[in-house]
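Take this structure, written in structure tokens, and hold onto it; I'll ask about it next.
As written, the chain order gives the labels A, B, C, D and E, with residue 1 at the start of each chain.
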Amino acid sequence: MTDAPNKIGEVVLETHGLRKHYPLTQGIVFKKQVGAVRAVDGVDIQLRRGETLGVVGESGCGKSTLARLLVGLEAPTEGTIMLKGKDLSTVSHRDMRAVRRNIQMVMQDPYTSLNPRMTVGDIIGEPFDIHPEVVPKKGRMTRVRELIDLVGLNADHINRYPHQFSGGQRQRIGIARALALNPEIIICDEPVSALDVSIQAQVVNLLERLQEEFGLAYVFIAHDLSVVRHIADRVAVMYLGKVIETGNEDEIYEHTTHPYSQALLSAVPVPDPSLRGRRTQIILEGDVPSPANPPSGCRFRTRCWKAQEICALEEPPLTVRPGSDHPSACHFAEEKEVIGAVS
Amino acid sequence: MTTETSVKSPSTARFLSQLDMTAPPLEVRNLHVLFHTTSGKAHAVNGMNFVLDQGETRAILGESGSGKSVTAQAIMGILDSPPAEITHGEILYRGVDLLKLSDEDRRRVRANHIAMIFQDALSALNPVFTVGFQLGELYRKHRGMSRQASKAKAVELLDMVKIPAAKQRVNDFPHQFSGGMRQRVMIAMALALEPEILIADEPTTALDVTVQAQVMDLLSELQREHNMSLILITHDMGVVADVADSISVMYAGRVVEDAPVGDIYARPAHPYTKALLESIPRVDLKGQQLSVIKGLPPVLTNIPPGCAFHPRCRFAQDNCKVPPEPPHYDVDVNRIAACHYWREVIDS
Amino acid sequence: MSDLLPSATADQPALQGPTSESTGTSGGNASLWSDARKQLIRNPIFVLSSLYILVVGSMAIFPTLWTDQDPRDCLISRSRQPPQDGHPFGFNILGCDYYSHAIYGAQPSLSIAIGATVGIVLIGGILGLLAGYYGGWADTIISRVVDIFLSLPFLLGALVFLTVVKVQNILTITMVLVILGWTTIARVMRGAVLSAKNLDYVLAARSLGAGNVRIMLRHILPNAVAPVTVLATIALGSFVAAEATLTFLGVGLQPPEESWGIMITDHQVYFLEAPWLLIFPTTLLIGTVLSFILMGDALRDALDPKMR
Amino acid sequence: ACSSSSETPTPGTTNGGTGAATGAQGGDLRIYASEPAFLLPTAGDDEPSILVIRQLYRGLVKYNAETGEAEMDLAESIESSDQKNWTVKLKPGYTFENGEPVNSDAFIRAWNYAAYSPNAQNNAYFMSRIAGIDDMTSSDPDGDGPKTAPEPKAKELSGLKKVSDTEFTVELSEPFAAFPVTMGYSGFFPMADACIKDTKVCNETPIGNGPYKIDGKWEHNVGVTLVRSDTWKGDEKGMADKLSYKIYADVDAGYAAYQAGEIDVMYTIPPARYKEAKAQYGDLMYEAPGDSFTYVGLPLYRDEYKDKRVRQALSLAIDRQPIIDAVFDGRFTAATGFVAPTFEGFRPDVCKYCKQDVAKAKQLLQEAGGWKSGKMTLWANAGAGHEKWLQAVGDQIKAALGIDYDIRVNLQFPEYLATADAKKFTGPFRLGWGPDYPVIETYLKPLYGTGASSNNSTYANPDFDKLITEGDSAANVEEAIAKYQAAEDILGEDIPVIPMWFSKTAALYSSNVDKFVWNKISDAEYGKITLKQK
Amino acid sequence: MGRYVIRRVLQFIPTVLGTMFLLHYLTSLGIQLTGNPVRALFGDRTPTPAMMAALSERLNLNDPCLTQTGNPCIGLFGDRLVNIAQWDFGISLSGQREVTDIIGAALPYTVRIALIAFVFEAVVGVLAGVLAGLRSGGFIDYFVKISTTLIIAVPIFVLGIVIREFVAVKFGNQLRADPNFPEIISRGFLAAGYKPEYPWASLVIPGLVLGATSLAVTARLTRTSMVENVRADYVRTARAKGLLPRRITGVHTLRNSLIPVVTSLGVDLGVLMGGAVVTETIFNVPGIGRVAAQSARTGDASVVIGIVTLAALIFLVANLLVDILYAVLDPRIRYE
């Protein structure tokens, strides 16, 4: 790896109005579109060199879709992705390969994200087969061993198969694969959700160490707000395909202003029995509406205790509102202490 | 079709007469369960002990594979044998050893006296029958109710677990419900016959936090209402802290620490419990250092001799590495830990 | 980050064998093949079946290893003589040595079965792969074609095809079996590909920038191979029997070719008078079919983590 | 009893066809049958059809069951002075099942119907001797299938003239002495007007004039049931009350049914089961020489077969009996001539080259200059079980003359026949021949006459043709036979085909049968078979 | 549901057309390659061209495209489709009967034998599969496994002939010798082939032979499905509900296990209807399989096309029904 600037720097990844709609079709011979699942529906995020952007939200809110868009597994329906100032949609097919090297992904499930029929060496070496220009053929083996070593596995196990490793170890293999092309950005889609609590910390620590060492920027997607708090510098809270609140870690966790974020945070159980019964928990009613048919206006209004008429009519923009110093998409944004709050 | 009216039949009466209502609802003594697998005998549960008191919520905590579910299934008597085999132990329900009961009586205990909720509600509900059918079945088979009456009961149950429009939804199939609602259907099913003991095996692990909060809230509320004893199986330290009265921490199929909830979080007496607490990030604490439990959980066919945790333990000494395994030291009243060096652990 | 070093050494316990956690998870159990091999070697049914196939296969490839008689050296006066010294299977209608017939008969029977199996695996495999991978129009067209061929009843279809292609030799029979048989493989393949193509590791490869060919060959194909292999072994067995049945229906191999199918069909009417004429080829044939099916079964069990 | 039957009749069952009926009427005779193609006399030309038609219809002439001689049936007389113009007088009083009289019109209408080519009746062929046939068929103007064939010039045969209800005249294109004898063939049976008006219905529910009538309708592929007719005025009344033809697609299945006691009469036996059947049901088996001829044709259009010494050598190389024994359980009579042994005018050993003589064969081949054309290809049509014996023939030729062979047996019958028609066989080919009428000429002219319809060898010998013509116009049958025999002698020397064998009838009947009757010419006479009365 | 059905029906039109075209092309090709089948009707006797022409015309075999090898004869196919739409499948070569009549007469037998085979297959197969699956690894399991494998391995015609000779004839004769033995068994069930007097009984043995292979497949499928389902989570739930073992197996496990079995059974019904070629020949059942086999051998194109089209149609309809049934049985399947 090249130089390792440690400080948070310039914006490396940026999206504007990013949308991904999956068409819902109907019809016998001629399929006509009758609607769309608005999996990601206008997301603006910024990622700076060396920082970690945490993305949190409940199941189905579009986190994985966002991740797939960012690494180019899906083409956006609308909006742009700027990688180091370059609009990816204008990049030619050939240059795309080079661009892609800069942005890699770590998947959620360490059991399904590794090809069971390839050895660890093959898995980690595959990026070099696809991008032969990165490492000369001769040096590949050494490089693969280096990578294995880097993520804390035994380089002698290069010829083993994924199933011979535990979940945490497999996740390290996935991380090594993502690191192979010296990317600046790694998109982590719930990298620790599938891991046992006792193993989770190993992987989280590894990710932190690598960031420090190589100045990597992470988009860290998770539904576990505790882990995000631990690892993220800035956090974006998603609800039904939209970012409804964003700010640095402190702003979100200590000074959250959006009712949904507040409910989300208050629901996280705290491993401290002394707080039992004294915490205010906001219990939301009902379920998340279908992304194919989101509510008008503010999407959260159907479950929001603050909802008023305006919420149904007008969609609140994600802006910084008076009395707060970070953007939030609520007409009635208001700070409220929720974590560990004692009533 | 035979209907099993458990209320008045003589055999039911005989069974009820054996119960000692002064004894604790459930007591598990030295339970050993192993699985016969192709790679040998997997010792899933190795001397499980705990007592569940009236109205108590006991959490069983442990990482994946530590034997939580197997213990629960052994209590329910729904382990598949083969491959499972209960080699030792007693499971006392109100003083009666369930393992010695006839199949018939054993079956009657289920749902009537002890009920269970499973982790994955989607797969635990039969996909091809309506929710109403599956709920009503309990009343029809155990209470001999008619189809009609049982359906009405099912609606009541759905109402009880706060499913909106219960009357209509009773005819829906499980896949038509959201994750949280399915789990509530499971809860309704478990509570249908008003059991004394409810075993909830990771009831919220598959759910989102906001939904988890809804479900746990409901569960505690119903527990209180019905004055049930609850065994809550989980690996989420947060959930435990919120609802449990006492905790059994399992490692490699054995209770390594058993204590009232406050004590464990404040001063863990077993190195495993301690490491676990230190390795989880907390939403209410900023920038805390995560410590790591090195190594991996043991392979159950080849559990390390002595203390099973010793290869991963920073307190381990030579005597931890040889049999016998550490006994359950009394740390306090109501508090035990299976570690030779519990004092050092508590003090560190 | 001191925790990294110890954890590297802590790999050891996990590497002693398949970890217990790997059994339960969906993670397409991996070393399938090496695990399967181990399990298969210990399976007496599989070993016996393979040995039998080996024997029969060697008959087909090196008939001279088994007999030095010429199967076409016939003397009509020896017609239908029972087994005797030097002629363990007796003589057939035309007075040819039946043992050497049985040996030489292995080749056409097995050639057809193996040829047809290779054919269905190639055609069905490729079409199934394309349909599953590309979806859309390719899928629609291939699936419809599959439907068309699937809707032809096997024997009736074979009758029609074989009466049309006037030449009924190893090649044409093989082709007809392929034409009528590829659909099953294509379906299974398509299904396997469909389930494999959205697996995480395929997405991972794609996010690395891997092309379609690479993804198909490196990632999807190897994981679809297991069900296809199992199906193929079973198909192999059924093709051996199909050759005989087609001959029975009068559209199979034609003399002077000697296959087991011809031997059985020609002599089935004599089974009261000269039972050995029916028993020997039928036993050989059933043994072969059985061996292939049992091999397929054993393979399936070995390759399916759920069956362990 | 039939002279050539080797069986001594067992007591209780009178074997062979003693003309007079002795047993009692009654019972249900269950008959093994194949699916008939047609039940119309003008269309049915296959054995299964004829075996039913003969019980439903009767014609001018019948054959004596024992002697095979033609006797007048519905005809009073059939006479001619020049063998070309024939006068037919009918017995009065016969009617069809629907009441229509069996008069001159009944015959003329049936024969016209058969001859008119747009009707596409299979038995049109048999009308080809009657004058005016050419105008009844339209030939192809362009030769390769026009969209629609033009209408033939005439709708009626000019050679048929009605004199009165009981008399009509037939003019032939050429003299033919044996004309009356041929009239026993079912293709010449009369048809009712109602039948001609709707042949489709008549085919399913025939309107016959014979001793039996159909019960219900023809149940295709399942069976045909006949019951005794009340309108039959003839002397040979049906014996069984009911004839139940049970249709089998596979002769082995039929044999199994016989074994299981579901069949009373089986007119044939699966070739491979003959030995077993004989051992098991010997006393219930009827055997007699048959008349269907199997031969190996030689493609005289190919150079290597032009020399008759080669042909003689090939024939001499073959030992027929062991093949018959091995492949057919001895169910055939080895041929020593070209005419069936059952026929009047048959002589043994007409063919001098039909007994194996390897030395002589070698010598003849040597004299002819040896064999130079590499492998000899033996042909047979597919799916009819010919490949086995053909291989044996090949083996014998190979052993005797050192000519290696291969065999082509993959052509289905249509294509095989097309190959024959197109003269494209590259080597000896298997074919068979069945007689159309009980005159030995039926084995000669169609097969070996120059340009004759079934002369697949393309044999041409003016001497042979001349003798046949002389025979046809001979004053009486005896004279004719002498000429035909002379013609056969020529074949015996020229060997245009290698005669292989004649069929041997082997029929089975059950123990329910009291008297089994077999007609030398027209095979099973189901109507005359009597059942044991319970 | 209605939409779903319509969609499936529309989907199946191209399949049917494709199947029919394939068959049409094959038979046309057959005629182009092997010559006019009419010729075979005359056997040894070469017919006059006039006769050939007349018959060819009647049989619709006079289209000049039938003489051009490789020509797909689209025009002829069009005519054929129009005719078929009017329920006219042409006439047969031998006997010149309406193909629809031939099929109409043969179909009832095939339906009967297929039904018998189907019931046998479904009842015995499922039962054996369930018993084997409930105790996988037990004695019954091995027994079922071995016997089904054997059945699959034996070519059906060998099985058929052996059963006909030894059961129907040999064993049957012994029973028939005893006049007191009920005739329905000795002469009905143990008939050597189809008998009109015993329209059902005499089809039982042929039906069993016909169903044998499918039975083996069904038993194995059921077994696998059972083995998968007895460990399912919802079965565990049913046990936790304190239900009787009988009910757990009979209602909860079976219902789910039978879903794939029902699918395969439904498809099988289609296969059985078209697949009785061998069995019908051996047991002399005058059904469409026997007719088809005969017609294919004599090159009777219109009959073969008619029957195979019918078989394909039945198969497709069976498939369609199965799909719908599947959706009924498994509520998780949505009719998109």
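Methods note: a contact is a pair of C-beta atoms (placed from the backbone, for glycine too) under 8 Å apart; a residue touches a chain by one contact, two chains touch by 3 or more.
It should be emphasised that the depicted structure is a prediction, and the values quoted were computed from it without experimental measurement.
Each step here moves to a touching chain, and the least such steps from chain B to chain D number 2.
Counting hops only between chains that touch, chain C reaches chain E in a minimum of 1.
Look at the CA centroids: the one farthest from the centroid of chain B belongs to D.
Two chain pairs, A-C and D-E, are compared here, and D-E has more C-beta pairs in contact (counted per touch definition above). Centroid to centroid, with C-alpha atoms defining each point, chain A and chain B lie 33 Å apart. Separating the CA-averaged centres of chain C and chain D is a span of 49 Å. Chain A and chain D have CA centres that are 90 Å apart.
Centroid to centroid, with C-alpha atoms defining each point, chain B and chain E lie 53 Å apart. Along chain E, residues 33-34, 161, 165, 281, 293, 297, 299 each make contact with two or more other chains. Shared interface positions of chain D, defined as residues touching 2 or more other chains, are 252, 383, 411-412, 415. Along chain C, residues 3, 7, 14, 18-19, 21, 163, 166, 250-251, 272 each make contact with two or more other chains.
Those residues of chain D whose C-beta lies close enough to touch chain C in the complex are 252, 270, 272-273, 275-276, 319, 322-323, 325-327, 382-383, 387-388, 391-392, 395-396, 406-407, 409-412, 415. Partner chain B is touched in their complex by these residues of chain E: 231-234, 236-244, 247, 252, 255-256, 259, 329-332.
Residues of chain E that touch chain D in their complex: 33-51, 53-58, 62, 64, 67, 94-95, 97, 101-102, 105-106, 161, 164-165, 168-169, 172-173, 176, 187, 190-196, 280-284, 286, 290-291, 293-294, 297-299.
Residues of chain A touching chain B in their complex: 58-59, 166, 168, 196-202, 204-205, 223, 225-227, 229-231, 249-250, 253, 263-276, 281, 283-284, 286-287, 339-340. By the touch criterion stated above, chain B contacts chain A in their complex at residues 63-64, 164, 178-181, 208-214, 216-217, 235-244, 261-262, 265-266, 275-277, 279-284, 286-288, 290-293, 296-297.
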